[in-house]
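Each of the next two complexes has chain A plus one more chain, namely chain B in the first and chain C in the second.
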Partner chain A sequence: MSEPVLKVSNLSIDYRTEQGRLKALRNIDLTIGAGEIVGVVGESGCGKSTLISAILRLMANNAEVTGGGIAINGRDLFKLSARELRMMRGAEVSIVFQDPMQSHNPVISIGRQMVDIQFRENISKKEKLNRAIAMLAEVGIPEPAEKMKQYPFELSGGMRQRLAIAMALLCRPKLLIADEPTTALDATLEVQILDKLKDLQQRYGCSVLFVSHHLGAVARLCDKVAVMYKGEVVESGDIDTVFSNPQHPYTRALIECDPAGLEERTRMLPTIPADFLEAARS
Partner chain B sequence: MLFYTIKRLGLAALIIVVAMTLLLVMVHMVPGDPARTMLGPRATPEMQEALRIRMGLDKPLITQIGLFFLNLLRGDLGMDVFENRPVATIVFEQLPYTLELIAAAIIWPVVLGTILGVYSASHRNSLIDRLTGVLSIAVVAAPAFVVSLFALLIFAVQLQWLPAIGAGDPDSFADRLRYLALPGFSIGLSWVGYIARMVRASMLEVLGEPHIRTARAFGLSEWRIHYGYALKLGILPIITMLGVGMGFLLSAAVFTEMVFARPGIGKLVIDSITSRNYPVVMGAVLVSTMLFVLSTAIADLANAALDPRVRKAL
Partner chain C sequence: MKQQSELLKSAKLILRDPLGLLGLVIVIALVGSAIFAPSLAPFNPTAIDMKARLSGPTASHWLGTDQLGRDTFSRMILGGRVALQVALPSIAAALGLGLLLGMVAGYGPRWLDNAIMLLFDTLRSFPTVMLALSFVALVGPSLGTVMLVVIVTSAPIYGRIARTQTMTLKSSEFITAEEAMGARMPRILLIHILPNILGTLVVLASMDIPAVIALEAGLSFLGMGVKPPTPSWGSLLKDGYALIRSTPWLIIAGALPIVMTTLGFTFLGEALRDVADPKLRRTR
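Our next item is the complex of A and B:
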């Protein structure tokens, strides 16, 4: 088998706070092979965002790696120089952020932003612009050439998320991270965006790390899944195995909480208590 | 954008009309007869009456105001009482001196203040950030005329590097620049600190926004992120502030023109107030009001030009 695109091994990250150290990630293991779509699910605060920011090395200032490492295409991420890191971002790993309303600069035109991120390519500005237009057409944005002169705020939320996907794919990354790309969108758009993502993934052949707390979305898109709880990966494996035969009590509870799986009407939706594991053990 | 420009300039004209009307009413309401004050205690009532008629003071207030604006439309600001020259000519002779002083006092602080502000924001808690922080408070607190006096003492009297008074040979650009150095430095110094602090705060806010993280995630260089992506947003509040700041700049210019004995609108106002030369006072005040109103209008237009969100909302 070839080198995995992403290999997170035994990674632990702490946040230094005034109240002491906060263990955000504990001994995380996660591997993504070429062309795989891997989902990461878990509740808010379980460390999903910390994991993503670590993979791009865009961690908060008070974050500290206390153990383990991340390798991207076989290279140790934490040993890259600032310059190597810049060359890696966008080209090898790129990301679609959660909130499309705020993830683009509001006073720089779409065309300019899309040309700027192609700074590694040795082609003319005209060609870069053409590539950007082609990519916008690819993600299903109508009248892509006209969009070049427009600004992100002139697009709707769904279109902005398509723009974010187009920008993320523009430099042909090996790994695309999608950080809850559909959370800020409504359900109809969510399905459209997910289908588009899957379609593009197959055509470009990149790997995808799909982060979500929406089990339905993960089931729709991913080949493998890792379930995170309180900074740890509690269960991982093929999507069908994990969802049809969950081994870990938290995974079972999480699946029970998915409103799509409810069979009868209820006033109280199932929830997971904060001290879930402690309660389950006792 | 064109419609907005017309609308904004129309508003500027309206503000000038309102401001000048208020000024005319105020002059009218101030106790004392201008004609009597101007001619002194030894003038006969006939002489006073003649001057009143010449200045149009015998007409009712509303007619005076109407005539003022009617004449203004023709570019006629009235006649100087003592020299019998058109006020417009006198004011426009002095205007370039004040304009070049304001330019000298604002261009270098904008450039230096912006660079220091961006640098401080991108290198927080560095030595330069701390120095800029302390020094900017120090210079903001120092009034322009105090700085002027010390600058005179140090650079003109002690070191004798730069001329102390006057505006230099009008035909030689280099000479005029030499004469502008000290007054431009004195007024501009506190602006460096002020702009640096504003830019730093504004930049820190912008750098915390999610789109900056996006720019980093795509590997854009820190230089481009700070001076390209962030500054384009961070500079917007500074432009508005500069538009309003023109008012302070004009009043600082009055002091500085006095200290350096430079010709200019400020000195003209002071001189004509002392000699009770009302038409000249009115003309000079009109021109400085116009400068102020125009600069706020230009700031608004610049904001619209630089911020597509504002442009779209018009």
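Our next item is the complex of A and C:
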């Protein structure tokens, strides 16, 4: 097999806080091969966002890598110069954020943003514009040429998320990071966006790191899954294996919490207590 | 197309506000008279006519003449030209410099922020008039000196605001998205941050124009602004001040345009601010 697109090995990251060091990530291992869609699931605060910021090397100022490393297409991320890092961002890795209402510049037109983001491409402005229009059509935005003159706030949430995906794919990255891209959308739109993502992934052949706390979304989209809990990957593997035969108690509890799995009407939805592992051990 | 309709909407809002309309009319009259000053002025403002000295308002000299027989009305109109020649370029330069330094301070590394802030604080710690007088003492009175003082004292104000706004925007998701695409600082600042903060600062700058005009008039009144015989509202006031008992029209010709300009720009600025505010609220 060829070089994995993303290889996170034994990565640990601490946050320095006034109350002392907070271990945000502990010995994370994660590998994404070419063309794979890998899901990362876990509750809020389990380190998903820290992992993403580390992969982009856009970590907070008080974050400190205490061990391990990240390689993108075989290159050690922590050894790149600022220039190499810039060249890598966008071209090899790009990202779709959670909240489509905030991920676009509110005061410049969509066309200008999309042309601008291709600043590294050595083609004329007209070609950039044409590529942008073609990409909007690909992600399923109607009347793409007219949208060029509009502003982000004139689009609905679902359309804006499609726009975000279009912009992330414009530079044809090898790895697309999707940071809870459907959390801010309603269920119908979620399914549409997931299907679109899968469709685009197959067409462009890129790998996707899909971060979510929605198991249904992960099951629908991903080939593999890694379950994170309290800064660790507690279980990972093929999506079918993990979901049909979960090994770790947290994974089991997480799957039980999916309301889609409920068979009886209830007023009490299953939950996971904060001190889950300690409770499970006793 | 979208932007045009937005502009049109703003223009309508200004026209609906009576004070804003008044301000707009005054500002247009002022700018118009400054542009066409040479053809509007009935006399050469520096032509000395000792026979007609200190005459009161007459059919040919609408606002009388000064102690050298120069036509006061012509001097008033050309004084307006000088006032705008000082105010507009210096405010524009101060705005540009303040924006540049402020955005770099707000976005760039901590040490650069500290250095720029130290510079701003140092400059702001001098009272404007004191700073102006010491500049004049150092390099001599001229239009350039007045402009330099304005730039040095106003740029830090704009810079501080630009810095604060940049810092707020810096952590917003669309800037992070841009960073994740590998964009460099100039691209992020000029294409993404500047359009977001420009509106507020332009409104602020338009309200600062009368203050600059008053500063120029003040320095000229003290004999430290424009060099005679160039007409300025301040030098009109200075000439009139000495002769206030016998020839009050000189004082009026110097003071009235200053008052009108201040009111005009202030009304217009306030109307602009009101127009900009709901728009800001809506996009947020």
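Everything that follows uses one rule, which is that the second predicted complex is superposed on the first by the 282 of 282 C-alpha atoms of A that agree within 3 Å, B and C clash if a C-alpha of one lies under 4 Å from a C-alpha of the other, contacts with A are read in each partner's own complex, and residues count from 1 in each chain.
Following the convention adopted for this analysis, a contact is a pair of C-beta atoms (placed from the backbone, for glycine too) under 8 Å apart; a residue touches a chain by one contact, two chains touch by 3 or more.
What you see is a predicted model, and the numbers here were worked out from it, not measured in a lab.
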For this session: Judging by the criteria at the top, classify the pair chain B and chain C on chain A as clash or fit.
Result: clash
For this session: Go through the superposed model and pick first if A:E64 touches only chain B, second if only chain C, both, or neither.
Result: neither
Problem set entry | First (chain B), second (chain C), both or neither touched by A:E256 | neither
For this session: Using the superposition on chain A described above, determine whether A:D76 touches chain B (first), chain C (second), both, or neither.
Result: neither
For this session: Could you point to the stretch of chain B, among 2-10, 38-46 or 56-64, that collides with chain C in the superposition?
Result: 2-10
For this session: List the residues of chain A that touch chain B in one complex and chain C in the other.
Result: 56, 58, 85-91, 94-95, 97, 99, 102-109, 116-117, 119-120, 151, 153, 167, 171
Problem set entry | Touching residues (chain side chain B, partner chain A) in the complex | 209-211, 213-221, 224, 228-229, 232-233, 306-309, 312
Exercise. For the complex, which residues does chain A have touching chain C?
Worked result: 56, 58, 85-91, 93-95, 97, 99, 102-109, 116-117, 119-120, 149-151, 153, 164, 167, 171
Exercise. Which residues, counting only chain C, touch chain A once they are in their complex?
Worked result: 1-2, 172-174, 176-184, 187, 191-192, 195-196, 283
Seminar exercise, completed: In the complex, the residues of chain A that touch chain B are 56, 58, 85-91, 94-95, 97, 99, 102-109, 116-117, 119-120, 151, 153-154, 167, 171
